[in-house]
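Both of the next two complexes hold chain A, though its partner changes from chain B to chain C.
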Partner chain A sequence: MPPKPLSEELIHREHMARFPQRWSTGPVMGKFLKALRDEKRIMANVCPRCGRSQVPPREVCAVCRVAATQFEEVGPAGTLRNFDVVYYASPDPVTGQSREVPYATAYVELDGAKGGATFWHELHETDMTKLRRGLRVRAVFEEDGKRTGAITDIKYFEIIEGEA
Partner chain B sequence: MAAESDAFVVEGTFALPYNYFAGRVGSTWLVALRDEQKIYGVRHPQTGKVFVPPRQVDEKDFTDLTGDWVEVGPEGRVTGFTVIRYREPYQPLPVPFGLALIQLDGADTSIVHVVRGEDLGQLSVGRRVRAVFARERKATILDIAHFAPV
Partner chain C sequence: MPRKTRPVAIVGVGQTRHSSHREDVNQPELIHEAVRRAIDDAGVSLDDIDAVVTGNMEMFEGTHQPDMWQVLGNGAWGKPCLRVSTGGTTGATVFGAADNLVASGLHDVVLAIGFEKQQEGHTTGGITAMADPLWARHLQTGALTGMAALEVIDEFGHERARRAAMRYRVIMDQHAAKNPNAHRRFNLSFDMIDDLMQKSPPLVGELRLIHMCSQSDGAGAMIFASAERAAAINRRPPVWVQDHVTVHREETLSLSGVPTYDAHGKLETTTQRRAAEILFARNGIARPSEEIDVFEMYDPSAWWGLSWIRDFLLLEGDEHLQMVERGDIAIEGRFPINPSGGVTATNPIGATALLRPLEAALQIRGDAGAHQVPRTVRKALASGFGGTLWTVLMLLSKEKPDA
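Showing the complex of A and B:
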């Protein structure tokens, strides 16, 4: 057989694999997500032993390992305690699309949270030079009728201008 | 206090973008499936080992293998297999179907592909199978629609 020349045509395939998922929130995360959806409120729960807040709430205190059954509203404003600026976006697991960069994520100590507990979410700001610890920020909720009981019912946090 | 009635079910998706570049050797192979309906391998110039699917270099000594393309198949033998009988949303085909390692005639390595037709309960190592080409071919591995028992 004569030598086979390598193809000039180069084959390239783009494919989006989608795997349907289904899970239960459980009572504690369910209470948190329903409060976001129905009341635009952020619920933390409080450890009966050490008194620290957990937000999002969880069944037991991660430190004391006792059931944390008392819920308290926190936020929607808080203080930026730390942040990350992301320059390389991983694909969104829901859509498979990669988002615009840079964007920032925030660790927010919501007003009323105890023990220095922070809540992690997106920080909506295109000027990354403005970011610094101690900034006052607030949660911006998805509009009525569009909230589904997901963490994205909070669209993002935004800087409260004029507050230190 | 959270109650059981606070729990609800979330329907979601897990999406994975996939970007595959076949490269020059892989493209040559896929284009031949599409345009010639032929399956090729590459032969090592010293050891004579035939690799299917083809690869640029030998896995051990890195000798360039792309100077000697040989046609293999379209028949071969099953060297290992499993039968998929359960339905899941991500299965590529309606069940049941077989997934088999197939060593094509003239090849020294096996490829993984789908086996359909006949009673899959009769599938066994050593079973002779034959490539069935898709009518509509797009230069993908599924230009071979499946292998059917001979």
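Showing the complex of A and C:
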């Protein structure tokens, strides 16, 4: 008996990938994360040539490309330079869960930071119509005992009421 | 200033019909379609190809060293093959690498391939995986941001800015309607603008679903040749690669409109404007909006497309909005942009930045069919975008450049 002809169907295979990751933070970023965890301080590093701050700190000045080894505290308050209000619930790549929308993210020029670099973090606000560039905002830290040496040791930024 | 050892021509191009789900082919088969069309367009055979450059963003499909698999369909078997991956700019870097290989004299005929099969993976997840794991990944939402819209709105007013962005989007869709290879064609018209402005679901800020680029399956291929080989091949008129420039940036510089300065005290600018300044200066182009005949711009959203017209053409004030409002950027307009429909219509990311010079080459040859601009195209501009706001800017020419 001849075999039955194969159908025209196109077969698809599906797969969900998961893999563990473990990043070394190195001494520069590590110093920043330790300052968040142990001291609730936001540390920028400063270029010895042009004086720009970088926060989070990076090993080398992005403009001068020399080692930036000096650290200075910046913030915790700052000025909102740009922001996003996110309505689309894309999955959190770290947890795999969908974030609650709407939520806001902010680029904050922290007080004391020189050269215009901004710091990217979540902005906590329920009334999105309040948001405009130039608002004064401040970092809100996780409680003692809950900070782990991660960027999320800062829970979010919030608008400082009453400050122009 | 960089000098080529010898001029380089594009002698053949091919692309797939781009689609949301090319479920009828696997990766090598998808690529093979584009390669076959480029080979046939040039009138050559695989034996004429000396080397292959191929690229995509592997994180999307999740297959590492995909060139090992794709050799089944890309013609690279037994040939030198370079794999390139530079995010959204991949196709443009593939273009630049192929050009450099022929210009150097190392190879005479090089096949350049860009492709992506977005539906085989997760687009937003793949892009998010580029973010720094220590301080950015918890916030990154793929390529979605409303800040470009916010800046245009802050500068030009809520009503005028949104109307111009939507007008831009409609024009792009009308172009896509004329391109049989385009992925998305919505049959938009200008009388839908009010409705779209209100009803298209917002993604981030004023970036709405209708503004945002496509996610496509597709591939493109281009064949580069030395002048001598181009003269022998000559099935269609050669298109000459006049120049290309790549401009990177440190990701937090000038992101938020706060002025920052480089080591020479020069105000930091967008990579789009810096690339345009460099490219036009070294090619003696003083008024790009008059001296360039067509521009295939990598426009990931209608907001960026609108905003970057000013940067790419070195314009000031509201000249770019005026161009859109007057319809200058339409196929039959004074300065046509994306006669192919651009990236909002079609976006197989690893191919997208190669499709821009590919479509520009068709325009120079007069071979773009229904979406051909109705003029002689002597100089065509093409751009690539990706990574952390990098730009690749490419200049193609009908006439052979002086060596």
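Note that in this section the second predicted complex is superposed on the first by the 146 of 164 C-alpha atoms of A that agree within 3 Å, B and C clash if a C-alpha of one lies under 4 Å from a C-alpha of the other, contacts with A are read in each partner's own complex, and residues count from 1 in each chain.
Assume contacts are C-beta pairs under 8 Å (C-beta built on N, C-alpha and C of every residue); 3 or more make two chains touch, one makes a residue touch a chain.
Since this is a predicted model, take the numbers as computed values, not measurements.
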Which of chain B and chain C A:Glu161 touches, first, second, both or neither: neither
Touching partner for A:Asp144 - first (chain B), second (chain C), both, neither: neither
Touched partner set for A:Glu100, first chain B, second chain C, both or neither: neither
Partner chain(s) touched by A:Pro91 [first = chain B, second = chain C, both, neither]: both
Which superposed partner A:Cys50 touches (first chain B, second chain C, both, neither): second
Which superposed partner A:Trp23 touches (first chain B, second chain C, both, neither): both
First, second, both or neither for A:Arg133, with chain B first and chain C second: second
Contacts on chain A seen with chain B and repeated with chain C across the two complexes: 10, 12, 17, 21, 23, 25, 33, 91-94, 150
Parts of chain A lying in touch with chain C, wherever the complex brings them together: 10, 12, 17, 21, 23, 25, 29, 33, 49-50, 52, 54, 56, 62-65, 81-88, 90-94, 105, 107, 109, 115-118, 120-122, 133, 150-152
In the complex, chain B residues that touch chain A: 1-28, 30-31, 40, 66-71, 89-90, 139-140
In the complex, chain C residues that touch chain A: 23-24, 62, 124-125, 128-129, 131, 133-142, 144-147, 150-151, 154, 201-205, 250, 252-263
For the chain A and chain B complex, residues of the former touching the latter: 1, 3-4, 6-7, 9-28, 30-31, 33-34, 45, 57, 69-71, 91-98, 149-150
